[in-house]
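Everything on this sheet refers to the single structure shown next.
We just call them A, B and C in the order they show up, numbering each chain from 1.
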Amino acid sequence: MKKIIATLMAGLMAVSVLAGCGGSTGTDSKTSDVNAGKTESDWSYIADKGEMVIGITYFEPMNYMDDNGKLTGFETEFAEKVCEKMGVTPKFQKIDWDSKEVELNAKTIDCIWNGLTITDERKENMDISTPYMENKQVMVAKADKAGKLTSADALSGLTVVAEKKSAGEEVAKTDEFFKNAEYVSVDSQSKALLEVKSGTADVAIIDYVMSIGTLAEGSDYSDLKVVEEKGFSPEQYGIAIRKNSTETLKKLNDAIQAVADEGELKKIAVKYNLDDLLLVEAK
Amino acid sequence: MEQFFNVSQQLLKGFGENSFIFIITLLLALPLGLVVSMGSMSKFKPLKWLTKTFVWIIRGTPLMLQLFVVFYVPPLLSNGNFNFSRINAALIAFVINYAAYFSEIYRGGIESIPRGQYEAGQVLGMTRSQIFFRVVLLQVVKKIIPPIGNEIITLVKDTSLASVIAIPEILMMAKDFSMQGLIWPLFYSALFFLLFCGILTLLFSFIEKKLNYYKG
Amino acid sequence: MSLLSVQNIQKSFGKTQVLKNISFSLDKGEVLAIIGSSGSGKTTLLRCLNFLETPQKGKITVNGSVLFDSSDISRTSDSQIRKNRLHFGLVFQSFNLFPQYKVIENIMLAPQLAAKEQLKKTGEFMGAANFKDAQEIIRETAFSLLDRVGLSEKKDSYPCNLSGGQQQRVAIARALALNPDVLCFDEPTSALDPELTGEVLNVIRGLKTSDSTMIVVTHEIEFARDVADKIIFMDEGVIAEEGTPDQVINNPQNPRTKEFLSRFNH
């Protein structure tokens, strides 16, 4: 299934390149405006609509449904504040995480705002905002085993799982700490946890941020524990928008700073217990 | 208990999407399939080959891919100026896909009716449409009920593929719960499918029994 | 003047010429038996008369009106052909009853459709002014036809519950329900077990006394001699011999006829 998507992505990217060419040759009425370069047109496209479609998936504590079925979370509230500053209405659109780049290029969403880790590969394909939050990869294991995972030797013969193509996978494959473990990739972080929970794997490497929401007291994973002492591969979260959208990027970064300056960002982070990880300081 | 109630309610909402796709697909694909089968049995060769190619492409590619194509290709080609809504894209892909499958079942059913039945109608002075509706149709229906039933039950489960273009259907809902730390909704969602398919199975065995009054 | 006149019928399938210039005529109330080996063209001839095949050449006239003339294409419209067919009835070798209808419904279906059409056009069908009355007339006729083929008590059975012989008798009643000028039988007993042929042949014999004009393609030589007023022996698409049963069966002239008949004299 993954392969199909991967193949299709390649195909669709080829198509999107063609589509880009089509636009620049002036066959497309909306983008062939002589004065409007592509960079300007992305912001005017969003501004004309008056709304910014924000691509999200649900995961606690970033974006999730509360008990009343209302969308909430750190990113949700953060995005609402930022959009207010930008003068557009936020519209949250749930997407399939595997299709986020296609969604962005197809303009079915205007940004990806969901704990997106900034990587070089992503920076090549998309414009990414200033980093606003720090994240790290952590090990998760059954509570009774978690304390023993102190050295590479202790992991010898154990099975380690992580989401395919994630930062966690990078860690599992490259970090010396895991050299004696056997690595298996799965298609999502929640699957990785399920593997550990069911005993088919011993250690999952997931986002620290995700572990906060998912391993909370009262969840089905409450018998799993984060190995707090050891973190890997610190990384940063950013908001992704379409490539070469300079104006949109500037507006976005300015708005983020403005929200931080007012102290709102800090307030929201505290609410979701994420204030330690915040990167944008009030000036 | 309250959690169970909340999850059930959410999943039921998701299953509403599945049911909606299911019903609309059936309503549109069943008649459209008949039109397609007419094309593939046409004596006009270009139409026949066009239809056959269409059926080949639709049956020869994954439905998941078709969902992607219907939803993402129009905006990619038009630089975001044109796109179907997610649910419309899903409906278009499902209707086209299932019409192709139904058309082949229809064709098989229609071609299995002996020529003698048509000729008997002809020598009795019936028109083409009288022969089709009065003589052939019910015999075809009897023949195709089992394979159609099979296909329809597959459709119930295929509807969850709509999640690849982010339709909030039941499996996606259940996966979201697992992101929030609840695993059991994922397995609980199977119950909805089982129940739905169980009802369909009963319905189809009832229809089959109704048509069992004659053989041949 | 003869009831049916067939002139110079030619029919080919691809390069194979199946009927080469067939001509014959038939008077009202006459029974014609067509005999000949398989592939001699006798079934094709019958199918041409019922417009299931279109001859390349020839002319078919019934009761003085021309139904088919290869030199006049205007007569080949769908609705014209449908009208032409009603002059003929055809009983198939394989019965071809409609399996989903009861015996009585099999017989009534076509007349009902015809009645609806005629009521719409002329407001009248066999003296009835509405469909309900017409339906009663059709039902009466169907009952009497079933009685004639000896299957009154099977009226509510489905074809799958009847023996082959019974199915063929229903098929005969069905063909008679439209009151055709000429009733054709295409090897009506060939698909039957030997012990069931008798009941079907007896029904056909019974029809002869009621003044029906019939054409019977058959392998039953004895039956042909009994029932026919006229026999045609077909061989390789031509009429090799034609005459009374006495002439053709008892004193055949053509060596091919003699050879064919010798196979039946045990």
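Everything that follows uses one rule, which is that a residue touches a chain if its C-beta (ideal position, glycine included) is under 8 Å from a C-beta of that chain, and two chains touch if they have at least 3 such contacts.
These numbers come from a predicted model, not from an experiment.
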In terms of CA centres, which chain lies closest to the overall middle?
B
Using the touch rule from the top, point out the two chains with the most contacting C-beta pairs.
A-B
Whole-angstrom distance, CA centroid of subunit B to CA centroid of subunit C, is 46
Centroid spacing, where centroids are CA-atom means, of subunit A and subunit B in whole angstrom:
36
Just give me the whole-number Å value for how far the CA centre of subunit A lies from that of subunit C.
80
Subunit A contact footprint on subunit B (complex, rising order)
6, 10, 62, 64-65, 68, 71-73, 75-81, 83, 86, 163-166, 168, 172, 175-176, 178-184
Under the stated contact criterion, what part of subunit C meets subunit B in this complex?
50-52, 78, 82-83, 85-86, 88-90, 92, 94, 96-100, 109-110, 113-114, 158-160, 174-175, 178
Note: in the complex, subunit B contacts subunit C through residues 114, 116-117, 119-120, 122-128, 130, 134-135, 138-139, 142, 213-216
The residues of subunit A that touch subunit B in their complex are 1, 4-5, 8, 12, 15-16, 18-20, 22-23, 28-31, 45, 57-60, 64-65, 67, 69, 93-96, 98-99, 102-103, 105-108, 188-190, 193-194, 197, 210, 213-216, 218-222
